[in-house]
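Chain IDs A, B, C and D follow the sequence of writing; residue 1 opens each chain.
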Amino acid sequence: MAQLSIVYFAWVREMIGRDEEHIDRPASGTTLAELIASLGARGGGYAQAFADPSRLRAAVDQHFVSLDTPIGEARELAIFPPVTGG
Amino acid sequence: MAQLSIVYFAWVREMIGRDEEHIDRPASGTTLAELIASLGARGGGYAQAFADPSRLRAAVDQHFVSLDTPIGEARELAIFPPVTGG
Amino acid sequence: MKRVNVQSEDFNVATELAALEALGGGGIASFTGVVRGGEGLIALELEHYPAMTAKQMERIVDDAMSRWPLLGVTVIHRFGRLDPGARIVMVGTASRHRGAALESCAFLIDWLKSDAPFWKKEHFADGATTWVAAREEDAAKAKGWS
Amino acid sequence: MKRVNVQSEDFNVATELAALEALGGGGIASFTGVVRGGEGLIALELEHYPAMTAKQMERIVDDAMSRWPLLGVTVIHRFGRLDPGARIVMVGTASRHRGAALESCAFLIDWLKSDAPFWKKEHFADGATTWVAAREEDAAKAKGWS
């Protein structure tokens, strides 16, 4: 089964307590929202970080995407709060 | 009779061949357009510079004004082409 | 000329602007963002997504260069821990037309705010820290360009 | 901070921007205009109306400061004979809000173009000279702010 790297930034990273992990990639039709919900079900920091998906943003293979995007053949998923650069 | 300084800039100055002169100030109700027409009547460089008043701009006592402004109690009149700074 | 840099060290605005001036364009616009002090702030920490940041900034710059007739664009964004008064970001644009230089500069900084993967954390004198919240206004400004 | 200067000598953009950065505002915008070369141009000569120029530039700066919440404005305009590539003018603005800094910078350069008493004469390699004609577009841009 293909692997998916997940990287976390800012308070998402801090709540989860890690900046990266590797999981078996779920079926290609799985949306990011569904994957995030399944990660949240782990409880603890995950549940806390992913309690309100409207506060989350994501990028797949370094492109911003909305949470209703299917994971497809993604190799890297990033989950983070809205950006605040500039 | 009160004196009026007239200063010229850019091609107006070059056509007239001087950058400043002093005249007796005309009656306060005289508009700049009327004064410019009377200067143009001197002929030569004046006639050439003032042939087309739509190409001229003016300032009275260092404030931009339109040519239909009366000369009033002005002490310094400036006549020049549209500005091209910046 | 296209120069995009993500770096922890400071940059020299004068050097960057001189390179843009040398392109012979006539007009150079710039914006520099610095860490605002006050209210007990002792440091601003900038986290970013290294695999994505420079790539994403290149995309934004390419977009600006396709929208305006630009001779050069420089975008530098710092990351790491910055003191109050430190420079965070600069955008510089050069064009034959002042409007193009000014508008593209505003476009770029608006898009960096809403579309570059950076996150700011404020550190205060009392030990408190806060992740800066994104402002809806910033997202709206960026969308206003599309 | 308000700094308005009309001078024949060059200015140092870095020094000017550093003074604006030191105001603690968070955002500094600038525009620098340089003499465009090409088409045989060997010099640009800027004539101005000394009794009026600085006064008029002060008025424009005061207007900008009443429209936007600015911590500092710097406007420097040169006169005299300038070589291709030489700096002619710079506008710098500092504000807590990047929008205010960027917009007021654009406002100021638009107004300098239409409302500061300068005239440009181009000198060409073949000895020809031309007074630069005002562009209606510039007057329209300035009026667009009112």
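Please note the rule applied: a contact is a pair of C-beta atoms (placed from the backbone, for glycine too) under 8 Å apart; a residue touches a chain by one contact, two chains touch by 3 or more.
Just so it is clear, the structure is predicted and the values come from calculations on it, not from any experiment.
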Work out the mean Cα position per chain and let me know which chain is farthest from chain C.
B
When the C-alpha atoms of chain A and chain C are each averaged to a single point, how far apart are the two points in Å?
26
Using Cα averages as centroids, what's the distance between chain A and chain B in whole Å?
72
Distance in whole angstrom between the CA centres of chain B and chain C is 49
Residues of chain A engaged with two or more neighbouring chains:
86
Listed in rising order, chain D residues that touch 2 or more other chains are 33, 98, 109
Provide the full list of chain pairs in touch.
A-C, B-D, C-D
Contacting residues of chain B [partner chain D, same complex]:
7, 9-11, 13, 59, 62, 64, 76, 78, 80-86
Of all residues in chain C, those that touch chain D in their complex
12-14, 17, 21-22, 24-38, 84-85, 87, 96, 98-99, 101-102, 105-106, 109, 141
Touching residues on chain C, where the partner in the complex is chain A
33, 46-49, 51-52, 55-56, 77, 88-89, 109-110, 112-121, 131-134, 138-139
